Amino acid sequence: MFGLNAKDTRLLLIVIGLVVFAPFLMNPFPTDSGLAQFNAGYPDLMQRFVIFGIFAIGFNILFGLTGYLSFGHAAFLGAGSYAAVWMLKLLTINVIPAILISTLVAGAFALLIGFISLRRSGIYFSILTLAFAQMAFALAASVLTPITGGETGLQTALNDPRILDGAASGTGNIPAPALFGLEMRDSWDWVVGGWSFTFNAGYYLAGLFMIGAFYLSILIFRSPFGLMLKAIKTNQTRLNYTGLNSRPYTLAAFVISGMYAGLAGGLMASMDPLAGAERMQWTASGEVVLMAILGGAGTLIGPVLGAGFIKYFENIFSKINDNVLHQWFAFMPDGIENFLVTILHPFVGKGWHLTLGLVFMLVVIFLPGGLVEGGQRIGRLFSRKKKTDDSPNADTKPAE
Amino acid sequence: MGILEIKNVGKRFGGLQALSDVNLSVEENTVHAIIGPNGAGKSTLLNCLVGKLIPDTGSVTFQGQSLLGRKPHEINQMGVSRVFQTPEIFGDLTVLENVMIPCFAHRDGAFQMNAIRSVRHQNDIRESADQILTDVNMLEKRNMHAASLSRGDKRRLEMAMCLVQDPKLLLLDEPTAGMARADTNNTIDLLKEIKEKRDITMAIIEHDMHVVFSMAERITVLAQGTPLVEDTPENIKGHPKVREAYLGEAQV
Amino acid sequence: MSKSNFTRRGLLKTGALAGAGLSAPTLFSPVWADGHAGYTNAPAGGTVTLGFNVPQSGPYADEGADELRAYELAVEHLNGGGDGGMMNTFSSNALKGNGILGKKVEYVTGDTQTKPDAARASAKSMIEKDGAIMITGGSSSGVAVAVQALCQEAGIIFMAGLTHSNDTTGKDKKANGFRHFFNSYMSGAALAPILGANYGKDRKAYHLTADYNWGYTTEEAVRTSTEAMGWETVAAVKTPLAQTDFKDYVAPVLQSGADVLVLNHYGGNMVNSLTSAVQFGLREAQANGKNFEIIVPLYSRLMAKGAGENVKGIFGSTNWHWSLTDEGSKAFVKSFGTKYGFPPSQAAHTCYVQTLLYADAAERAGTFNPCGIAEALEGFEFDGMGNGKTLYRAEDHQCFKDVLVVKGKENPTSEFDLLEIVEVTPAAQVTYDASIFGGDLGTCNPGA
Amino acid sequence: MEAIVLQLLSGLDGGSAYALIALGLTLIFGTLGVVNFAHGALFMIGAFCTVTLQRILTLSHTVIDDTQKDFLGNPLKVQVPYIQDWFGEATSAAIIDWSVPLAIIFAIPVMLIIGIVMERGLIKHFYKRPHADQILVTFGLAIVLQEIIKAYYGANPIPAPAPDVFKGSFDFGQLLGFEANRIIYPYWRLVYFGFATIVIASVFAFLQFTTFGMVVRAGMADRETVGLLGIDIDKRFTMMFGLAACVAGLAGVMYTPINSPNYHMGMDFLVISFVVVVVGGMGSLPGAVLAGFVLGILQSFASMREVIEVLPGINQVVIYLAAIIILLTRPRGLLGKRGVMED
């Protein structure tokens, strides 16, 4: 289906299913229960999952396939965000032009930076991209303040011109980004028993883009172009002696990956019309590197998992405070309750960084292939069990 | 006029004169071996042919066109393929994919977004890849990871990758280095077979006299960066200068 | 058809919807169905949730921790616990110690990381997931401006924490946002007369300015007010926000002919630039036949602690200090000090007061509707919260109150006793016209 | 002219800090082939060795002073350090005053142990792993280390002043025949510069003139061959890691009077030190030192008011701009070798 083989089709269907049913999957706990703290099914976080998913998928096209480790990818995300907010300010509050322009602007920016940086390989390439991104960040936060809003960030305002639909506003409130009248922040709730599921317009728009981005990335992975990129990672010498100039291929991968980042930035600004300079900082670039490696660089689904994992930590673990801990363990005797709270205290709330650092170390030590390898190991565990359980059945099934 | 003409080539690394005044002509459709003791400048010469090094003096022409200043991939596009001393293959990819990549690399060398090309075209490529794998007896290993192949198979794969591009000149850098005698003989047979089936010129840099004398039609002996003598294998064997410079110590 | 902009989990939490759950699930019921209250996250049931959004990681984590302590104290007092703190000295007597409008106060916390993006993400999760009715906190103007805009969109009240830039209630002001903390303009206006009196009216100033929005407004405020009384500005150099060592910027100061150095820096920047300036001997130096002087327009006790002995004798301004002797300050210091064992910082004070002011406004308005609360806060005059008589100005939602001019103490008796109050500048002297910074308040947004 | 001399001094000073950190990073990379993102954290831990020593020296018992009041109006509790009881007021004040230099003695064993434990416990399992994995694991470690420090010491900077004798500045101008007070430079920064020079020189001397150093240098060039000679290169590499940790730690100890230490100071230096190492050429020790000074001086001149006025924002980007230009004109940095970290 979709021009993919059976395995890839299945993967794509799984991703589509995850995106469509995320409002249910992310809210497994009843709203009133103590575990509701772990629910992630609210619009902002779900939007972040898919948007950073797009960012990580794009990064993986460059890093996972060609092995070129860009340490400045956040610059494209930031450039995309700025472009999108400017579109929302100047042209129309409709998100379509914002998303398109942000992708194109980031692509152009990537073409420029890639053209220069790809003259070098290995760590020299990494440092070149880092240098460009840090320059973009430093300038955006200071001397470019008139264009970027500086450290405060670029926002929409009441008196924005909005050439196409500026006349419509005048209610005293800034209009929210919308898709032909459907505001990105619109949500519907569905309450079933103690559960409540939220369906958010912006999330589904972003989700649609992520499914498209994922599908495109499968096509790239399986195409001859993707094969060339893998060949670059494996052995550039041989590739050159095979009559191929690797530069156009790496540059194409770099630009595609930059456009993915721009798309993510554009979507981010469409969900929430703000673009800040710190989106371009090296820590933001480092974050996407960590997402890809944590999830499993070079695999299709890995980066998406990594993105979800890190964003979950950042948004859920940081909100667990001592109060919440006490609530959880309230049923225990006071002594044990206090003991448990004391033990957990350093790892949650303001200590979420510590937990994240530990997880990075544990994953990379025990699962060199990232979370995907963890999944495969669990899968193998089950399939081995299955084989012993109903081996006659398994034998009759045609091999894929 | 040979297919490959090397004229007055010299190359200097700091204080070391690696090559000086090398003149060499490789005739079309012959197997031409270049031999010489360690440090004679064989590898330097080879690197000057493929664009990895640029000679300080002299000229290198292939089919009348100069090779100097061209990059490796451009030289390859002119019809020159190279086999390395340690096989350079795409270790992370399967054998089939390894052979498909040179198929995609079209002679015009234009960068194409192959992602959007038709599936049918891919099938053609797959067919020619299968054909060449049959030729080198590796069809049954097509789905193996290239890195997991034996050294002999890696060498074979590398040759398949070169041959699938139908090169006019094949440069072989010690193709049997580090091989067991049986493997060496297999390789010689393979090369001979290739030579029979195709119009191809081969230039071999080799240490192993057994290989050289069982295949080469012309031999150039290189010593201290300059050609000592060039002749047929029979004449080389008995050449006193060669014995003195090279065979004397090797005792084949 | 009206739809909701933000979901209101708060309502769902109350069990009012348990009944709705029993009846056939209303598939895709647009949330306006429970929007009868007319505003976002209208609390139902016996509790109301406030969102405390403070820096818990990054360089301002300690300041954030102090803010959080103040919030917890405020919640305790609102719910009738503890000694009541400033509730006893507050001129408005609407608060009864039974929560807000009879509802018990609960809270959620989040980490701003002192990054606008992260702060907004955290605030959004409080609004969308936890049903918070008000967001407060923060330790930088970038964060305050970003979160304030979000709250305006969402129909939530934002009670700013520590934010000193003119922009927060100037160019970026919003109808749903309120600031108790003072700003750059007030610092300049309060400092200038004291500087004139101590250092004379014939001075040459050299500014080092952190290269971002707050730095710009502070430099401008101090320049304008000092130049008005006769000082000359020799140079103003912008320093990168990420700068850690200021030697390159401090070294040329003495050669420039200046005799005063103004450090428009806050936080780690201020600690490091002041340390560098003292190392280069500027505190002892002579220039133009006068003693060379250093000025830090915005002081914070926590940062003064980081700079150690270097702050001695250096003038600056601050929003509040624990050594104030009015009844309100004394009551607050006592309940904070008793609970935590050390005196509160100015950030803690502002956050505590903001929470009480919000609760009081809700009581007086008789509703949690942001528009009602905004109305109750606008033009509200109060006393007994430190800083004397205070006005929440209707035009820009900025508080006008006395500003403290302080000096690094020469002989501190303890690690908290680092600043001494030189002068309490009366509110009238720092009041300005609301229109000078531009911006548009817009109209209040109740969401829904 | 005076401005230029002063800025040059300032640049050399900044360069020495860059060079010192980059030196340790290059040592680890050159010998072990590991990209160590936790190097900044080692620098930070070194700085906190000073703070820890300060805390130990000022371990106190409480004496209640009825004549003074604390902020709640209760009698003031005065903290009296134990060493004051033991050595008397003057001596103990002097000891506390000298806590930064004393911390050197304290930090050397601490950093050695941390370095060796880190190498044996974690890093050695990553020699054969891809650089990306090394980056992830050491970055994770850096976060963990700094969060531990933050949990214990808080996020606020903690002042650690230099001994009183080093306060004040040295008048270079008069030495060179300029007017008084035109070119002055703080004593402690000069001490830091001298200290950095000595450490850098000793590391070079150590590698150049000791057998240990010779083996390590051989190992840097060709690890397998040295292994074949029957030398236990692993043990020496462990010591090398300890040494690099020590260099980073000492850089941190001596840095504390310049900037009050805080838990994220390592991260602040991390990016810049990587840029220095790469600009110098991966794996080249002289390159790292040279690049450190070059970038330090460039940074210093770009921060001049006169320069910023012409090119606004240049002070923000000069290091990165220089890095780009150097890497584009010299493919392997200033003094890099072919084939190192190019794939």
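Structural remarks
Here the chain labels run A, B, C and D in written order, and each chain numbers its own residues starting at 1.
We take it that a contact is a pair of C-beta atoms (placed from the backbone, for glycine too) under 8 Å apart; a residue touches a chain by one contact, two chains touch by 3 or more.
Owing to the predicted nature of the structure, the values given are computational and were not obtained by experimental measurement.
Of all the chains shown, the one with its CA centroid nearest the global CA centroid is A. Across the assembly, the mean Cα position most removed from that of chain C is the one of B.
Chain centres here are Cα means. That of chain B falls 74 Å from that of chain C.
Mean C-alpha position of chain B lies 52 Å from that of chain D.
A separation of 35 Å divides the Cα centre of chain C from that of chain D.
For chain C, residues touching at least two other chains, in rising order: 57, 61, 65, 211, 238, 240, 242. Counting partner chains per residue, chain A has residues 138, 142-143, 353 touching two or more of them.
Contacting chain pairs in the structure are A-B, A-C, A-D, C-D. The touching residues of chain A, counted against chain C in their complex, run 31-32, 39, 42-45, 48, 138, 141-143, 145, 150-153, 155, 157-159, 171-174, 176, 183, 185-194, 196, 198-199, 272, 274, 276, 278-279, 314-315, 318-319, 321, 323, 349-350, 352-353. Listed in rising order, the residues of chain C touching chain D in the complex are 57-63, 65, 211, 235, 237-240, 242, 244-245, 247-249, 251-252, 254-256, 268, 271-272, 275-276, 279-281, 284-286, 302-303, 305-310, 322-323, 333-334, 337-338, 342-343, 413-414, 416-417. Considering their complex, residues 3-7, 9, 12-13, 15, 17-18, 20-21, 25-31, 56-57, 61, 64-65, 107-111, 115-118, 120-122, 124-125, 128-129, 141-142, 145-146, 149-150, 152-153, 165, 167, 172, 175, 211-214, 216, 238, 240-242, 440, 442-443, 445 of chain C touch chain A. Of all residues in chain A, only 3, 219-220, 223-228, 230-231, 233-235, 237-245, 248-249, 252 touch chain B in the complex they form. If you check the complex, the residues on chain D that touch chain A are 35, 122, 125, 129, 131-133, 135-137, 139-144, 147-148, 151, 271, 274-275, 278-279, 282, 312-313, 316-317, 320-321, 323-324, 327-328, 331-333, 341-343.
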